[in-house]
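What follows is chain A paired twice: with chain B in the first complex and chain C in the second.
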Partner chain A sequence: MSTAVTSEPVLTAQHLSLAFGGLKAVADFSLTLRAGALAGLIGPNGAGKTTIFNLLTGVYQPDQGEIFLGKQRLNGLKPSARAKAGMARTFQNIRLFGELSVLDNVRTACGVRAKSGLVGALLRTPGWRAEERAITERSMDLLQTLGIAGRAHEQAKSLPYGDQRRLEIARALATEPKVLLLDEPVAGMNTQEKHAMRSMIQQIRVDFEVAVLLIEHDMGLVMEICDHITVLDHGTTIAAGVAADIQNDPAVIEAYLGAPDDAASEGADGVA
Partner chain B sequence: MKTLAERTAAQRPNVALTALLSLAPLAVGVIAAFLLQAVLAPAVGPFYAKLVLDVGIAILLSVSLNIVNGFAGQFSLGHGGFMLVGGYTAAYLTYYGSIALWGTAEIHGGFMEGGDIFFMVACVVGGIVAALAGLLVGLPSLRLRGDYLAIVTLGFGEIMRVVIQRTGDVLPVAEAKQKGMLGSLTNVGGSLGFTDVPQYVSPTPWLEKTGHAGIFFTYIFVAICVVVAFRLKASSNGRALLAVRENEVAAEAMGVVTARAKVTAFVMAAFFAGIAGGLFGHQSTLSPSELGFQKSIDIVIMVVLGGMGSISGAVLAAIVLTLLPEALRNFSQYRMIIYALSLIAIMIARPQGLFGTKEIWETTWWRRLFGRRTKAEAP
Partner chain C sequence: MTIFLQTFVNALALGSLYGLIALGYTLVYGVLRFINFAHSDIFMIGAWISFTFTGWLGWSTGAPAYALPVILVLAMGFCALLAVAIEQIAYKPLRKAPRLNVLITAIGVSLFLQNTGVLKQVFGTQPQRMPSLVNDHVMFTLAGVGVQFVDVLVVLLAGALMLLLQWMVFRTRLGRAMRAVSFDERTASLMGINVNQVISITFGIGSALAAAAGLLYALKYGSLKQSADATWVLLGLKAFVAAVIGGIGNVRGAVAGGVLIGFLEMYGAAYLSPHLKDVYVFVVLIGVLLVKPSGLFGKAVVEKV
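After this line comes the complex of A and B, so read on.
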């Protein structure tokens, strides 16, 4: 299934570390994501996966290490600037704009590519109108792609759980990212939904020409679709490589057997 | 999938139609303002005309505060302070400016002649100065939220009030001429208030008597403010504000520069509050005690009652809460109790305000009453 990926690196993380007080949440994490790649980030709960997303997107600044998107150094940039640079994400603990309509959730994210400003909006210039129409059109297409166009005018918070996860992805794609970070996109879904989401992710990667980094703490899905997998435990990278190597790695087996899922500790603090 | 830029380039908006659609609401607003002044005000007499005027100023205040408190979700208690800044700026300009220009502080010229134009420009300048103050107050909002921000904005209003109270007496015409405009900068009346401001905003029927077209002026600004609020809400900039309110972390992650969004909201709201202050200040004596903490609270109540983010809700709440105390005047000893109890009752029944973020015509009961059935609602 894996496509040979030999193109330019779009995302480079070098030796990232972050501690919360005494707790080393991420230690010496490195990753290179090439254009069109679909990579996985796995590990038990509390391993530091979401924290890595927060470092990449600028929610936290690393104690050490560097992050590049293409050739642009991202350290010190705010999340909004990184979104503009081409980094998009979904949230493990869904963070939609609950009171807004499904459509407006996506349209809001389209705003990052909008050229016309406040004055155009207040005067309703032809340029603004053209762009606003384009925003709506593109947003509806995105909802169509994710299969939730029928719910465009409902409040985001009223969507069923699975659709909320789909909306998170639609919203992230609306920013026209080069890199898409998906934090447990199938959490809480049944087998059938997981299947659908799996093909959706593969489709998105092709249709949107975006490199995908996927967090999933159960191995199954990741093993099946990812070209490259990084395994974390207690903030450290214990293995990295293609699925076959990971599966047989003694350190990985150890981590998964030694640290049973502890749902209670999941996303203890901070932005998940 | 085609990018936004590609899709935008593919759009061919009709320029003439666009211009028409852009101007139409404002034209309607100006006509409505004129009708209120020329037809309604004379028909209902001075007492009710004054209420029409008060309602207009209240709408201006609640719709503008809604931009900060409703759209952006930043709890500001400083609207009275922005009114004060704008009101005093405008009053200073019309009083001392009239003296400098025309040698008297009387109303100058007839309807929409020199004096009226000068007055409206003074209101806009008041709005701009208030907007600068909004920029100053907006900056701490980047670090503070909730109660802390409320306290800072409240503190701003109180500081402004105290500063004004310590200014000197208004100079009589002769002395003002001698000292010039800059020399009279600190002579805005102190705690006694700014007396002898030319009363451009008088609700009494007009035309034959110059300058008495306050309702007209007020509702022109109301129209602009309401149109601006609606256009903001239906644009990327407005959605960015709502996103900040809904989830700041997600908003940032989707490329919303939350700092800029918040400050923009403060500046826009303060601008219209400043204009409202200018209108308010040209009715009679402009007194600092009228634009204190209580005023800010009153406006916040309108926004909260109407629904955070609902423009039509803010308009309706401004109308109701301005007229209600008058309607209850016959029960004057129970008036404040009834007023307070009805507010409490509404907030218990609908903590999100009457309409939440929705406009009145977007609510389910409105659709049920007037709307065609949409597919989703059909059985």
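After this line comes the complex of A and C, so read on.
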């Protein structure tokens, strides 16, 4: 378990709270991610994990609390501005631009960093052409990294499920993020695909120098690769720490993992 | 045969105009899922502002060769800016409101534009004749039918603008952003696309095309009825029908729908009855909606449950 992340925090969430009407979706959530960190967010269904992603990316604004990316305060910023600042995500229920080609899905996200605008496009200036070419090359590289370059010109919605998940990650990386939020990256994958995805996530974290925060129900995966784990239940953080501490935390066992035997078997399943 | 060919030329010219206007409906529908009923008024303003600029520049009697491109750019620019302003003032505050509210607002905007237009400080109530910016003459004769320069101009210019739009939508970054917003606005936003900016630009582009259609209409038909006249609304409505028949939200479909409507109207008028020329279009609309409600080129949307 690597704990050698001592650099400046890239993502700081402080005391985030959000209520939908009378329902406290998230209460007093705090988290710090340092560069190169790989952290996990776990909890039973409806615990508020995806809501936290929505708060971090600006889909929701928190009732209370603050979010910083590096030194930049993100509160009040729109999702697109946060993407520009360096926040990228994937979705639990895949949300690709299904009608666009695989390559165009990635190129669209590359637009975040593009300089030349409409005038350049209309006049087809050399600068614009060069930039378009660079975007296409970078997008192909990303598809290569994720192992789906061979399908670049297919419609995104025609990809098999596992490849769609990979494409979502490629698209998120195209925005050149500092923080990558992965919402259930191995959901619905078979053991072999899970293995591949696990090494891919670890690879991405190193190659792209991003801090990764992942939501995952696969305990084996989370326990194995995450440096730090936060456990949520009913919007409240009930435990936070390294895998070993979480596994032995009585509150977690009671609220989430159920009886200790179940925990052991679930862990074993995931690793297998 | 002469009638057939003459009608063909007229139908192609009129169809190109419908296609240009239809693109504006379809583009805005694509990103906002809303029918901009004020679009026909942008077309009307495009025609009138072309007339006004021509007067200001002193080209009412005799225009230089560069008059057409100058007026075209001015009219397109003016209508683009006007549409962006309308979008910011009238539609943007309603971004999260139910669709019906926006639709009713669009009708309000439409009435506002029509009735502002008839003010004597604006365009006035007098119908006007558009000065000929180009030297109109019979370009060539085909099987006894003289093809006017202005018809060729309308078809070529409209065709060029449609191709430019095609290229923009399917080959440029802006087009990718537009398609991404159209497909899933929230995800597009999370991928760093400034959705509001894309929406504004889309309004601007659609309205610039309507302005071009307005100028071409004025050049081809010459007479400009006052801004609140029903002719404008009817033309806009038929262009809207073209967009629906082609499959609303579909760029290529809008062009095809426009040409189809043009042919239907002209051939119906020539061979059946000219009095019913507005009827054919709507009869076919009803037919298409009954048989293939998503339009000839549209894809059926599966309702998620």
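Just a few scattered comments:
Convention: the second predicted complex is superposed on the first by the 254 of 272 C-alpha atoms of A that agree within 3 Å, B and C clash if a C-alpha of one lies under 4 Å from a C-alpha of the other, contacts with A are read in each partner's own complex, and residues count from 1 in each chain.
Rule of thumb we're sticking to: contacts are C-beta pairs under 8 Å (C-beta built on N, C-alpha and C of every residue); 3 or more make two chains touch, one makes a residue touch a chain.
Small disclaimer: the values here were computed from a predicted structure and weren't measured.
Model built by superposing both complexes on chain A: chain B and chain C clash. Comparing chain C and chain B on the residues of chain A they touch gives the larger count to B. In the superposition on chain A, A:149 contacts neither chain B nor chain C.
Of the two partner chains placed by superposition, chain B and chain C are both touched by A:89. When the two complexes are overlaid on their common chain A, residue A:196 makes contact with neither chain B nor chain C.
With both structures placed on the common chain, the touch criterion links A:187 to neither chain B nor chain C.
Within the superposed three-chain model, A:134 lies in touch with chain B and out of touch with chain C [touch as defined at top]. When the two structures are aligned on the shared chain, A:99 is found in touch with chain B and with chain C. By the touch criterion defined above, A:108 lies against chain B and chain C together after alignment on the C-alpha atoms of chain A. Of the two partner chains, chain B is the only one touched by A:125; chain C is not.
Contacts of chain A with chain B, set against its contacts with chain C after fitting on chain A, overlap at residues 57, 59, 78-80, 83-84, 88-89, 91, 95-100, 104, 107-109, 111-112, 114, 117-118, 121-122, 132, 135, 171-172, 174-175.
Across the complex, chain B is touched by residues 57, 59, 78-81, 83-84, 88-89, 91, 95-100, 104, 107-115, 117-118, 121-126, 128-135, 137-138, 141-142, 145, 153-154, 171-176, 207-208, 271 of chain A. Listing the residues of chain C that touch chain A in their complex gives 168, 172-174, 176-177, 179-180, 183-184, 186-195, 201.
If you check the complex, the residues on chain A that touch chain C are 57-59, 78-80, 83-84, 88-89, 91, 95-100, 104, 107-109, 111-112, 114, 117-118, 121-122, 132, 135, 171-172, 174-175.
Those residues of chain B that touch chain A in the shared complex are 1-5, 7-8, 10-15, 18, 21-22, 228, 231-232, 234-240, 242-243, 246-247, 249-258, 264, 309, 356-357, 376.
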